[in-house]
Each structure stands twice: as structure tokens, then as C-alpha cells.
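In the two assemblies presented below, chain A is common to both, partnered first by chain B and then by chain C.
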Partner chain A sequence: MDDLGVVIAFWALAAMTIGAAAMLILVRNLMHAILFLILSFVGVAGLYITLSADFVAVAQVLIYAGAISVLMIFAVMLTPLSERDNSGNFLQLPALVLSGLVIAGVTFVALETEWREAGRGSFDTTAAEIGEALLSPFVLPFEIASVLLVAAMIGAIVIVRDD
Partner chain B sequence: MSIVLLAARVDLEHVLIVGAVLFAIGLYVALSKRNAVAVLMGIELMLNAVNLTFIAFARFVESPRPLDGHVFVIFVITVAAAEAAVALALAVAVYRHRETIDVGKISLLRW
Partner chain C sequence: MSLLANWYDFRDLGNPVARLIEALQDAGLSGGWIYAISGLLGAIGILSFVGVAAVINIWIERRLIGRIQVRRGPNRVGPFGLLQPVADAIKLIQKEALQPDNADGIMFTLAPIVIFIPAILAFSVLPWGEHMVLADLNVGVLFLLALSSTTTIIIFMAGYASNNKYAILGSMRVIAMLISYELPVVLALLGVVLFAGTMSLTGIVSFQETYWSWLIFFQPLAFLIFLLGSTAELNRTPADIAEAESEIVAGFHIEYSGMKFGLFYAVELVNTVAVSAIIASLFFGGWWTYGLEEFIPGWILFIGKIYSIYFIFIWFRGTLPRFRVDQLMAFAWKVLLPLALINAMMVALEIFIWTEYEISAGIVLPIFAVVNFALAGVLIVGFGRVMSRTMERFPKLPRLVKDIDVPLPEPSTA
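Let's turn to the complex of A and B:
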């Protein structure tokens, strides 16, 4: 990917995504943390577009930035007597060490491995091919996913029903 | 100066490093926050980082069927949506009984 505009867009979106995710750690109010999470989701959708994954980017905006974040806001508002602060627990230092190890390890592997890069350009359209792949080689996982969604929906209703 | 030259294009390694940083932030949030909703936010951030890595491999790496990575991302998003619905329902149900969703105070299953 050498097109200058795409490169600038990628790094700007990467900075926005990681900055918003870092604000998730620093901000003190849980509601503000959810708003930064939405910004991070939108930034990831933009990164998908720069990597020529248009259908996945739209799905990301619809499902993550649209549905899951609204569910989270509902969950915070339905628990009004619980603490609203976004404070940490006793695992902060081990979690910091583990996160640093993850960054160091993945960076080392990504830089040292000889990836078989294709050198092809960006994809023209992805939605049609994704649809065909979902209905011919991946038809069984596709049907199982629908069963999983129904099971999760019924399970969520049963768990929150009060009787 | 060499870092500026290195960042003047986007290769597979750059996207993988961005995904690793995002995953590490999600891991930190999931492990170190008190509120159950904040822990779930960290898990969603980790899933997003993994999806970004899938898309990067689909875009850059030699493969006979490169768009299968996108299909995997669709499945991950589906499972994440189901998981978020059940987890938030659990948080609301726990709150009804104990008036808190602090994961440090929910220790009913400890023995």
C-alpha cells in the first residue's frame, strides 16, 4: 500500500483508535469510557476501509458502534446504585506487565517472520464474494451462527426476567 | 528519521503492531477494571484487535481464497454480539440480587 492518502488515513485512524482505547483506561467516569469505546470502534471501521474491507467496515459500524455500545449504555443505566467510577483493582501492575509482554512478543514475531506477501492491489468488491463464501463452503457455520443467536437471545431474556 | 521513513507506507507488520497495541490495551482493561461492564468493554476491544489482524492477513498475505478472512471476521462479530447480550443480561441479573456489579465483590462461587 503506497498511495500517500491511504497511508496518511491509516496512521491517523490508527492514532485515533489507540488514543481512544487508551482513554478507556484513563477516564474516570464509566459513561465517558463507553463514549471513547464507540470512538475506538469507529476508528477500527475506518482501518477496515483502508485495508479494503468495505462490507466488514459497515458491519462493524452497525453492530459494534450501533448495537453493542447501546447495550452497554443500557447496562450501565440499569445498574444505578452500583459505583459509576472506572477505577482499577489489585491486578493493575500484573496486567500492565502482561500487556507489555503481549506488545513486545507480537511485535518481535511480526518483524522477524518472513510473511508470504501477495503484492496484489486492493479488492474490487468484497460483499458478493463474502455472500457466496457464506453459502457454499461455510454454510454449516452460517446455520450454527443463526442457532447461536437465537439461543443467546432466549438466554438473555430468561436471565433478566424477574419471577 | 528512520522511523518516519518506516511509517511512510503501510505493510502487514504495521497493521499487526497496531492490532497488538489494541489487544494489549483491551487485555489491561479486562484484567484491571472493577466494573463488570468495563471488563466487557476490554473483551470487545480484544475481539476488535483480532478482527483487525484477520483483515490485515486477508489483505496482504498470499492465499487462494483471500476473502475467507473476511468471513471469519463476520463470524467473530456474530459471536461477540451474542456474548455481549448474555454478559450484559448477567450483569443486570446480578445487580438485582446484590446491588453491585463490582467483580471483586461478586465472589459467590469462591470455595
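Let's turn to the complex of A and C:
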């Protein structure tokens, strides 16, 4: 983090991510909220790039900004009255308490952990190393995850079928 | 070609840039500034190419489609109608920028602007010449896929913000189509990436240079799947159900007028050039052309290849009728996806054989080429036989619609 360009990029991306996340909560229109969420995802992808994790950054854009958000858009489109605001909702106080607890917990962990600064340069090839790690030491979790996804797909087909 | 030539030697556009970097280093600037300045120069180069291409392509496309459909195309404004795009742009700028009453103003205005970001970013990872690449990403192919997946959201923004039933129908169709066609396209590119062993576009081009062969000779099936799938992702005519004029008027950009419509029109052409460039560098060697790049600059060869593939897209547009929505989806899921899966597995097997038994490339690559071409032929013909109903070239009797088991709509009781 001693390079000036990286520092500027970090603060700009952090401002974009957090600003978009704040707007996600503040806007009334659900469709606008999803668009701010996508902007926040893209900002996080940019933060990964400043950490020289290019594969994770591209996967973040591909999966979160490209696929998950489409899923959310469909969910909003299928929700009746998606354009209403949440003023009539009585769960405001529990939500406030819960999110306050989460923020307090994360802040506590971030402040109390003794972070070690890695004195390394940028990685050369993250994609190849991730691939090798997935298929040799972590092959069992990888296979379990794919079995889980197949099961989810079959379940979706079963739900959709008429008979 | 070396970088030792003079700055006015444009055989390699890297020459003037290299001279400039040397001059900056002599001036005593630090690495970050030199990086920023050379990046800015590359970006300006790409933006000017994209701008010129978007204008020229309107003319090329209209003239060629005119020729295909036995008309003349634009031929009044300027010599051969060359100034027609300029006249179009002036007309579009003069028009009133209408916005529907209940439209979502910010999203409505933002969508045609934001949609240019992925289109232009795609050009940054393309290798234009041996040393001419703006951002040589290790994950270049995946980066391009990520860009194409974000286009979905922006088109949906345009359709949703218009507050028009045809616009929302068009954008829902886009989402369904892009999600369906992303799978075969990704699997086709997986074959290429597995074969070349790298996701960097520069690496894929240098693989083709090392083994002295374009990748289309090893991956014919992946090329066909990628060509057809990207036609759908580009919303071009055999698959332009998102803006089908005869069904939903103009689809997601029905409410756009003036230059906002012009931006949607231009981004389609820019995207087509980008996809042609991706195909050119993945399957046709990019700037590398069997030693021809020693005599002709690599970037001119690359642009030549881009426009050869662009011609195929125009040819599709001029000759093929539009698919129905369900036909298009069925084509993605029932034909392209299985073929792409078989292709990816075949490539994995071949790479396993190649690396495990350490056979020299000279013996094993021609065999792979022959096997893959045979496999592509067998799969395409076999799938055609299995999936289609038998074709009657000269039907003797007129047949009712229900005889060829097409589901008929229920008669309305009203």
C-alpha cells in the first residue's frame, strides 16, 4: 500500500462501495436498490484488483454483478407491490438492533485482531493456482459443492413440474 | 519486428509509444507516471478506433445488406453514400429527446450511456500486435465473459425504466436469452482455454504462434458454437427476439428517441466488432498469420480478420429469418449446450493424453485436428438426425398443422 496509485484507487473504490451500500439502504425504490447493490459489487471487485487477486475480482463481477443480480431482479419483478416503500413495516426496531450488533461485532474483530502485513509483491497467476488448489488438496469440498448444486438443480426441476 | 525502429515506423504501433516512454524516462519521471501516460495513450487509441468503427460500420452494414437483398443501400450522401452515417448522426442529434411521463428518469438517461462501458472495456484486453495490448490480463477470457454478463442488467435497466409493456417484454426476453446462451458460449471458450492452457488472450495468440496453427483447426466445434451463441448475445438478426420489429415493435429501446436511440444503435455495432475481434484472436491467431505479419503490420492483419468475421455477422443478418422465442431457447439448451459439453470433455481427454504420455506436439496435434473435425461433423449431423423430424423435400399432400404436432392455442370462448 505504499504506491500512490494503489492508495488513490483503494480510497476511491472504498468510497464507491460504501456509498453504494448506504444508498442501497436509503433509496425507496427496490429496483434502484438493486442497481446500487450491483455498483457495490463492482466496487468490491475493484478492491480485489488492488489486492492483485484478478481471478477473484473477475469472478465477483461474473457471478455477483452478472448472475446473482439477475436473480434478484426476477425476485423483485415477481414480488407484488415492489415499488412501495417500507414505512408500514413494524420490524424496523429489531432490524436496527440486529444490524447494530453485526456492525459492533465486525468492528470489534477488525480492531482487536493483530493483522499481519504480508510483505509480498503481486501474484503472477492466481487462476492457475486456484485451479490446482481446487483439484488437488480441496477436491473433496469441490465435489461436494458440485453435488449440492446438482441436487439444487434437480429440486428446481421437480418443483416446476406439474404432476 | 523490433522496437528499435524509428518513431515514425508505424509497422508496429509500439514504436512511437516506446520512443515516448524512453523520452519520459530520460525526463526523469517515475514508473507510475509512465504507466499512466502509456495507458492513457492506449485508451485514446482504442477509443478512436471504436468511434471510427461505429461510424464506418453503419455504412458497411447498410451497403452490404442492401447488396445481399438486391437493393442499393445508401448511395446519395457523398461518394457511394459514405457520408450517410454522418447525416444520420446529425439527424439524431437534432431530434427531440422524448421521455415518457411515468419513466424512471435517472435510469432512463443512464442506461444508454452505461451500456458503452462493457463494450469499450472489451477492447482493452485484445492483442492488436506483438507488443500492442493495453491490459494483458491473466484472466482475459473470463474478463470478457464477465463484461458480457453485465450487459444484461443494463438492457434490463433500459427496458424497466421506459415503463412500456413492449420494453419490459423485450428486456425479459434479453435476460432469458442471455442467460441461456451464456452457458454454451462459456463451455465453448472452456474448450479453447483448456487447449491453449491459458486464459490470457496474448497467451492464446502466442500458443497459436508456437504450434504454427490457428486454433480453429483444433476447435472447429467450439468456433461454431461461439459464433452462433454470440450472434444471440449480440441481439443480431437470426436471434434478435429482443427487438423483434414484427412482434414487440422495437423491444427494450422502444421509448428511446434522438441520440439516446443512436447510442443503442452504435453500441450494437461496437459490440459486434468486439466479438469479431475476440473470435479473430481466439480462433484465427489474432495478429499472427503464418509469417505474413513480417511483411504486413500485425494490427492491419488483425483489423482485416475482424472485418472478415464481421462480414459473416452481416451475412447472417441479411439472409436468415428470425427465430421464434421458444425455438431460440430450445436451440441453446437442446443443441448447443450438449455439443459444447461433449467438446469440453473431448478437449480435456486430449490434453490429458498429450501431457500424460509426453507425445511430441508434431505428432499429436494433427491427429487432434482430424479427430476434432470428424467429431464436429458426426455430432452436428447426428444431432440433426436425432433431434429433427424427418424433412419432406417434396410433400405430396397438404398437411394440417396438427399433423406435425405443433401445439395449437386454445380457442377463446369469448
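As a working rule, the second predicted complex is superposed on the first by the 137 of 163 C-alpha atoms of A that agree within 3 Å, B and C clash if a C-alpha of one lies under 4 Å from a C-alpha of the other, contacts with A are read in each partner's own complex, and residues count from 1 in each chain.
We adopt the following convention: contacts are C-beta pairs under 8 Å (C-beta built on N, C-alpha and C of every residue); 3 or more make two chains touch, one makes a residue touch a chain.
Being a predicted model, the structure only gives us computed values, none of them experimental.
Contact with neither chain B nor chain C is seen for A:V139 once the two complexes are overlaid on the shared chain.
In the superposition on chain A, A:M153 makes contact with chain B only, while chain C stays out of contact range. In the superposition on chain A, contact is made by A:T126 with both chain B and chain C.
When both complexes are overlaid on chain A, the residue A:A75 reaches chain B alone and has no touch with chain C. In the superposed model, A:H32 makes contact with chain C only, not with chain B. When the two complexes are overlaid on their common chain A, residue A:G100 makes contact with chain B while staying clear of chain C. When chain B and chain C are set side by side, the one touching more residues of chain A is B.
By the touch criterion defined above, A:F55 lies against chain B and chain C together after alignment on the C-alpha atoms of chain A. In the superposition on chain A, contact of A:G5 is made with chain C only, not with chain B. Contact with both chain B and chain C is seen for A:A67 once the two complexes are overlaid on the shared chain. Touched by chain B in one complex and by chain C in the other are residues 55, 59, 67, 74, 126 of chain A.
Put simply, chain A touches chain C in their complex at residues 3-5, 29, 31-32, 35, 38, 54-55, 58-59, 61-62, 65-67, 69-70, 73-74, 124-127. Residues 32, 35-36, 104, 106-107, 137-139, 142-143, 145-147, 149-150, 152-153, 156-157, 160, 175, 179, 199 of chain C are the ones that touch chain A when the two sit in their complex.
Listed in rising order, the residues of chain A touching chain B in the complex are 1-2, 6-7, 10-11, 14, 17-18, 21-22, 24-25, 30, 33-34, 37, 40-41, 44, 47-48, 50-53, 55-56, 59-60, 63-64, 67-68, 71-72, 74-76, 78-79, 81-83, 85-89, 91-92, 94-96, 98-100, 102-103, 106-107, 110-111, 115-118, 120, 122-123, 126, 129-130, 133-134, 137-138, 141, 145, 148-149, 151-153, 155-157, 159-160, 162. In the complex of the two chains, the chain B residues touching chain A come out as 7-29, 31-35, 37-38, 40-42, 44-45, 48, 51-52, 55-56, 58-63, 65-68, 70-71, 73-75, 77-86, 88-93, 95-96, 99-104.
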